[in-house]
Structure formats: structure tokens, C-alpha cells
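Scroll down for the structure; my scribbles are underneath it.
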Amino acid sequence: MTLIKQLKLSAAVLALTATTAAAADVEVLHWWTSGGEAAALNVLKGDLESQNIGWMDMPVAGGGGEAAMTVLRARVTSGNAPTAVQMLGFDIQDWAKEGALANLNDVASEGGWDAVVPAALQRFSKYEDQWVAAPVNVHSVNWVWANKKLFDDNNISVPTTWEEFEAAMQTLQDAGVTPIAQGGQPWQEATLFDSVVMATGGPEFYQKALIDLDPEALGSDTMKQAFDRLGVIRENVDDNFSGRDWNLATAMVINGEAGMQIMGDWAKGEFVAAGQVPDEDFLCFRFPGTQDQVMFNADQFAMFDQGGTVSEEQAALASAIMSPSFQAAFNVVKGSVPARTDVPDTDFDACGKKGMADLAQAAEADMLFGSLAQGHGAPASIKNAYYDVVTAFFNGSFDSETATEELVTAIEIAQ
Amino acid sequence: MASAPAQADLRTRLQNFIPKLVLAPSVAVIFLFVYGFIIFTLYLSFTDSRILPSYNLVGFENYSKLFRLSHWTTSITNLAIFASLYIGISTLIGLALATFLDQKIRGEGLLRPIYLYPMALSFIVTGTAWKWLLDPGIGLEHTMHLWGWESFQFGWIKNSDYAIYTVVLAAVWQSSGFVMAMFLAGLRGIDNEILKAAQMDGASNFQMYRRIILPQLRPAFLSAFVILSHLAVKSYDLVIALTGGGPGRATELPATFMYSYTFTRNQMGIGASSAVIMLMTIAAIMVPYLYAELREKK
Amino acid sequence: MSVATQDTALRTGRVSRAFIYLFLLLMALFYLLPFGIMVINSLKPLSEITGGNMMSLPQVWTLDAWRSTWSTAQIGVEPTGMRPYFWNSIKMVVPAVAISTVLGALNGYVLTKWRFRGDTILFGLMLFSCFIPFQIVLIPMARVLGLTGLAGSTTGLILVHVVYGIGFSTLYFRNYYAVFPTELVRAAMMDGAGFFRIFWRILMPSSGPITVVCIIWQFTNIWNDFLFGASFADFDSQPITVALNNLVNSSTGVKEYNVHFAGAIYAALPTLLVYIVAGRYFVRGLMSGSVKG
């Protein structure tokens, strides 16, 4: 009896100390553990420390945040949620639906977030008209990274249509180079397919099929055509792709073993790390047929409700994240572009500048679309069902007809 | 030491009570943390839980969805292939290594840790080493070509039909040494006098193995079987690191399936129903085996 | 069996001995190959790995990766290397292994030498508990840890590992004690020795080999666990596997394979050490603790 009492008491004391400790510090769960990313986060940490707020670091890398999300669930269930958590797209919405996130409206109106964050992004940062997350960056996935020397040697100019792209692949093939360097993991194949669907069906089709999940669009001939085109790209990938990490595929482009890679803007970091310069050693251009669109995913920080209102240090963290100086400093190293469109591009390299210009333009023209493969088109269950079908097709288990049918069924089950 | 009879009586009663008292905490935690959680999971499998547990009952919906998913069937088939090959080969290799090492081998002290060490490594990174080794472009095949053996081919890991066997290969690499250690412990416990007597009676080596040694190793076989089948069922890191479930979804196993539905796909209900099916399958295989093994001990 | 006749009664011819040695050596090669690749690549500069053959020897030998992994590699926001996480793991592993081994030994002892009605069923239930998939444990366990106030603490982690380690440690000791002559225990009981005295004086001295096997198993499993460590630890108690994971799995950063391999070897050092040290006692225990007297 006394033992149980004692246990209860110590639990209560523990809970109490936990909340008091949180009053002065922020515990941040994130998955940015590579050198550049962490260096950038350090800027944030320094900023908070100058306001006497301690930073308790809780990094869990893996699977593009999947491991961190698992940990988050255990932490929330045990009543020990971290103060702030790095999150992507629909996860933010899911947690907001559970009522777990703090309302950041005051900080947002103070910082004028509504005016500077593109609407397509706000769709994820806000839940029922409340700001629940502060966006850090915008990654874009419809990029092609190419070896400039191979392009010059074979007289290839930057392709702007599917036909030119096909011709470019053929030229590279004839020159004895692998035209496309592709990594073989479901998310990489699906990321590539995002761009192919956009280029094949156009923005309206993309919206209808991969964001609104209209069964008719998913099962349409346009979708079949997109799979056919993916099949063409598959033929231009070497047979050794399966299981390959994305960065090894990038290395193939860097070494001149392969001509191009279709990958998100984080690939730039590999080129830069290898001492290459944009426009001199490598080229960055939009996937042919998607020049006007930006297909994005964005990292955001959501604040966990610590009892009703947003705490002082959470507010401080949120406004530090949204400060233009941090957004610039962080995104220069990350390869992505700032989530606010009013940050000067002076510190960015050629690809970064282009990315920022594209983003501003796309935001203006309403041409900003969430990438389904990166969790910004539909919730996780659908995203993974999409992976299942695309990867099965890419690895030769389905033909384009079956793949189209399977896509309709898989997405229906996942809903 | 005992003095008065009354005291002795109390002592015996206490003696009879102590063993149960000692066992009680273990039994209690296992009932709560294993069987309690299994019942909880069973309950979840009938709910519409997605990101966090929910208590909304939806009947058998999760189960019917589960069996419509083609890669659930794939993962069950894969487990059958993987588990039988892995358990069989590891036991064979473990037994062979133990038997041979027991022949007064020079350098046994050096060989034993070499066989055993893979168990010490976590697959988070070892998987990368294996992935490279098995990759035809950079690994074994490439090196053999460089050494002049042009026709050498080993591209299983890139082939949807064969990739599961590379998972078997790496898994056997990791745990067969441990099986060896268990058998070695068993072999060294066998009374040599019996063997010598049998030899006097003219028994051949083969007969001695069949009649004397193998039957004496039964407890070791039980341990090995339980350990290997548990590793087979739980193989997660290995698959993730080696193939990531690919090519496509060709090497998906129930453990990876369960994890992805419960945690990355936010479909906890389906994840729970797959766990229930898994546990039922294990029970269907393990219970008769354990029953047969344990009953004879009486 | 006596120590002098340790050698086996089986006779083997010269040809079969040659075959045995060949087999053993080939297997040794098979076991060493992946680790060899890890060691070789951890000693290369990164450019040589991504640009060249992963199986070839380094052209430039360097210890940079090893140095940076230990003290300056990026694990979280601070470039701390793996050093601090090492200690977190030790604090968790040592008590968890000790407790689960002791419990396993006692359970095995009760289940074989103090049998009672239904003991076999209990043992069967304990055995079956080994098969519970950890994925389904995570959420309810988090709830329990939260309710008991153990969430995010090393104590909580120790509890979890002990709970899921008991099944195996009981299995090991039960199977080992099952062949231990019960007559010895009976005789001791006649002499008036109590429950713990018999355990301590009679079973313990000959439990060397199985204790070693059990410790190896528990140590390896607990040390290498990632899921529980990541989910139930706080920012200040994360074990080394989480650090290794953070080092290796940063999704969009540059992958430094040489650092990854060095990290993996660091993370495996304590387990390797246990194998080598324990491996010796393994044999010594077998030779000294003659079960059959």
C-alpha cells in the first residue's frame, strides 16, 4: 500500500518537475543530423540561448522523419511530448486533428506570416484557420541534375519537352553513358513519377489525380500514358539501380557515369560537397514539361500543447524560425529555398536563386503543388499505397495497364 | 541446523512457498506486458485506429482490407520461405561448425570468436556492407570480374525472385555462429565415457552421432529453434538495411509490414490485425512443438 | 567425465581432418568478409569510396573517420561525436543484463528443481512471450511508462529490456538445469540446505557456460536495440544505437560512408569485447565445472 502511494507520489513529483523544467527550455525532436543541417539548426539554438532559453536536443534520424514520427507517438502516449517537433505536411494536420498542437496565431499575426508564406504552404501550416506550425523551408522535387561536360560533349541542350528529353536520353545512350541515374527505393521512384505525371497530364490532372484522388483520373488513359513514360525512363536506367541510395545515384552523375538524375534539391549538396559549381560542372533545370510548376515539400516545426496556450519559449522558437535571417542562413546550406518569399537571394548560388525565383512565380500563378511522394499530396496511407504501385511497376511486376488499375484499388483501400 | 520440530515444519512450508514467490514477479510482468498487450492489440485490430489508438469498433473491416493487400500475401509467403531456409541452414551450419570444432582443432580459440562475432554487430550499418558485397556493380561480382573471372554472376539482390535468398544469406551469417556456440556447449556436456563404451561395442562414428550425440543435444535443438524462429519472425533491421523491402516490395516480411502500417502509414488498425494474424500463425506452429518437447521431460 | 579426457572419443582420419580444417577456414572467411569491408572502408578518405571500388584496399590510409566519429561527428545539433551516448548505453545495459540474467537463473532453477503443478504451462507461456512483435508493444508500453512516471528515464528503459529479456534468459537456464542431476539437489535438501543455499552452492558453481551464453545474448540484444531506445529515452538518455542511426540515416545530407563504418565498429566494440572476454570463460567454465562430478 505504502509502496503504491510512494510510486504515485514520485510520479506526481516527476510530472511536476517535468513541466517546470519545460518552462525555461525547449526540447526539440528533429531528424536533421547531417553536418550542414545541424550547423544551420545551431543558428536557431544560438538565437534562443541569447534569450535565455535552453535547447534540449532530441534527434532521431531515419526514413525522412519516419523514425522520428514513431518516437513522437510513443512520447505523446506516455504524456511526455517534446516541446517542438519537426514535421511534414499531412502529419501536421493529423496531429492538429488530435488536438495536440498549440495555436500560434498570436506569433503569426505579430510576424505577419499570412502575407509572406505562400498559400499552398499555409494549407499545411494551418488547421481550421489556426497556425499550428512554422515552416522552415521549401524543397522542390521536379529538378533534373545533369553532368554539364556530358551535355556539352554530346551537344545536348537543356530539354524542355518530353520529346527533347527522350532524344537527350537516346543521345546519351548512344554515347555509351547511362542516361538516367536512379536510386532504387520506393520513395525515389515515386518522386520521379510525381514529375512524370505533372509533365504528362498537366497541373489540373495532377491536382485531380494525386491530390484530390479522383478514381476516374487515377484510372484514366493519361495515367496509363504517364506509366508508359516512366517505363521509357526505366529503360534508360542501368540494371543495377534497385536498392541504390539516392546519393550514390548523384555520385554517378558527378563522376560522369550517368547523364542526369531526377531528384529533389537536396541533391545539390552532394555536388557542392564534391567541389562542383552550378552551371560550370553541373546543371539544374526543371523536369521537362514542368517549367512553370513547383512541386514541393516543406519542413515545419509544430509546437505541442503544454496545457492550453502556447508557452513563451515556444513563441520565441516559432518567431526565430520565421525570421528572414534564419531562413536565409538555413536554406543556403540545406539546398532548399526559404518558406517566406521575401527573403533576399544574395547568399544563394545559381540553382538556389533559380529555385527562389521559381517559387515566387509559382506562388503568384497558383502553380505550387504538393508532392505526393514527399507526403504533401495526401496522407501517409495513400502516399505509401502510391509507392507500392509505382515501385512494383518500376521493378517490372506490372505493365502500365495493370499499374493503372492497381493504383485505383490501392488508393481505395488506403482511404 | 534445524532444532525444534515445529520450527522445521514452518521451514518446510516456507521452503515450498519461496520458489513460487521467486517466480511470481517474472510471471506477473509477462502476463501484463506480453499477454495484456496482446489482448490490447487484438482489441485495436477491431477498431478504426489510425495515428493513435481509437476505441471505435468497426468489426472485421481491417482483416478484410488486410487480405485484399497483395503485398501482405507476399510478405507471408516470404516469411515461409525465409524462416524455413534460415532456420534449417543456420542449424545445419551451427551443428557442423560445433561438431568440427569439437575435434581438438588447433586455433579453436581464434576461430570461435570469428564465427560468433556477427551476432555482436547491429544491422543498421552491417546491412550497408552486405548491400555493397552483394551488389553486382560494386561488390563480389565486380571484383571477380576484375580478377579475371568474367563469367561470374551474382545479381540475386537485384532480382525480385531471388532477393529473398540474399536476406537468408545475411541472416545465416549473423546467427549461425551463435547456434554453433549453443551446440558446442551441449557437445561438451556429453559424457565421454558413454561414447567410449559405445566405441568398444563397435559403434561407428555415424551411429554414435545418431544414437547418442544427437538425442543428447535435444535441449540445444529446442533453444536453437526457439531463438532462430523468433529472430526470423522479428527480422526487421536486416531487411530494411539490406533491401529496404525491395526490389519493389519483393522482400517485405510481416515485421516490416506491421511496422509500416502501424507507424509510417498511420493505419494502426490494419497493423494490429496483421500482428494478430502473425501471432496466431506463430502459435499454430509453436504450441504443438513446445507441447511435444516439454511433455516428454516429465 | 574428467578433465583429463576432455578430448572426444571420436576418431577422425587424416583426409577427413584436412576436410574439416578446410571447411572451418572457408567459413571463417565467410564470416570475416563483411567486417573486413567495413574496416577497410573506414580507413579510406570519402572520395575514394564514392569514386572507386569498395572492395579495394585504401590508396591513402587515414584515421580521420575514426577520430571524427568519436568526438566531432554530427549526431544532433552539437558535433559531439558518439562519446556521450556510449555512457548512456552502458548505464542502461549493465543493470538490464544483470537483472534479467539473475531472474532467468532463478526461474530456470525453480522450473526444474522445485516443480509444481502447471509449471510446464507457465514455462510455455514464458517461451511464447519471446515472440511478441515489438511493434505492438510500443504504444501500450509508452502508456504504462507514462503512468508510472518512468517515461524518458533510464530506469524505464531498463524495465522494458528486463521484461522482454526474461523469456530468453529463463529458456537458457531452464534447458541447462534440466540435465543437471536432481539427485545432487535432493541430497542437499536432505542435509537441510534451503532454497537459496542450494542455488548458490550447488547450481551456481557449474552455471558458468550458460551464464556466459545468456549474458552474450542479453547484452547483444539490449545494446543493439534501437526501437525502444529511441522511443522511451529522453534527450539526455539516448543510447548509442540512436546516435549511430542519426549518424548514418540523415536523409538528405551527404553520406560519409567511412564515418558510418567507423561508427558501426565503435558501437559494436563493447559487444565484441564481451564476446572475446566471455568466450574465454565459456571454455574455462566448461572445463572446470564438470557437471557429472
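The chains carry the letters A, B and C, assigned in the order they are written, with residues numbered from 1 in each.
The rule is simple: a contact is a pair of C-beta atoms (placed from the backbone, for glycine too) under 8 Å apart; a residue touches a chain by one contact, two chains touch by 3 or more.
For clarity, every value in this text was computed on a predicted model and none was experimentally measured.
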Exercise. Does A-B or A-C have more contacting C-beta pairs?
Worked result: A-C
Exercise. Hey, which chain ends up farthest from subunit C, C-alpha centres compared?
Worked result: A
Problem set entry | For subunit B paired with subunit C, centre-to-centre distance based on mean C-alpha positions, whole Å | 15
For this session: Report the inter-chain centroid distance for subunit A and subunit C in whole angstrom, where each centroid is the mean of the CA atoms.
Result: 38
Exercise. For subunit C, which residues are shared contacts with two or more other chains?
Worked result: 138-139, 141, 245, 248-249
Exercise. Among the residues of subunit B, which ones contact at least 2 other chains?
Worked result: 52, 263
For this session: Check each residue of subunit A and list the ones that touch at least two other chains.
Result: 63, 70, 73, 77
Problem set entry | subunit A contact footprint on subunit B (complex, rising order) | 50-52, 65, 68-69, 71, 131, 135-137, 155, 157-158, 160, 242-250, 260, 263-267
Problem set entry | For the subunit C and subunit A complex, residues of the former touching the latter | 47, 50-51, 74-79, 138-139, 141-143, 145-149, 151-152, 227, 230-232, 234-236, 238, 242, 245-255
Exercise. What part of subunit A is in contact with subunit C in the complex they form?
Worked result: 7, 10-12, 14-15, 27, 31-39, 41-42, 45, 55-65, 67, 70-71, 73-75, 77-80, 139, 245, 247-248, 251, 255, 264, 266, 269-270, 273-274, 334-335
Exercise. Which subunit C residues qualify as touching subunit B in the complex?
Worked result: 1, 5, 7-12, 17, 20-21, 23-24, 27-28, 30-35, 37-38, 53-55, 103, 106-107, 110-111, 114, 116, 120, 122-141, 144, 162-164, 166-168, 170-172, 175-176, 178-179, 192, 194-196, 209-210, 213, 216-217, 220, 223-224, 226, 241, 244-245, 248-249, 257, 260-261, 263-264, 267-268, 271-272, 274-276, 279-280, 282-283, 286, 291-292
Exercise. Which positions of subunit A touch subunit B when the two form their complex?
Worked result: 63, 66, 69-70, 73, 76-77, 94-95, 98, 184-186, 238-243, 379-381, 384, 388, 391-392, 394-397, 409, 413-414
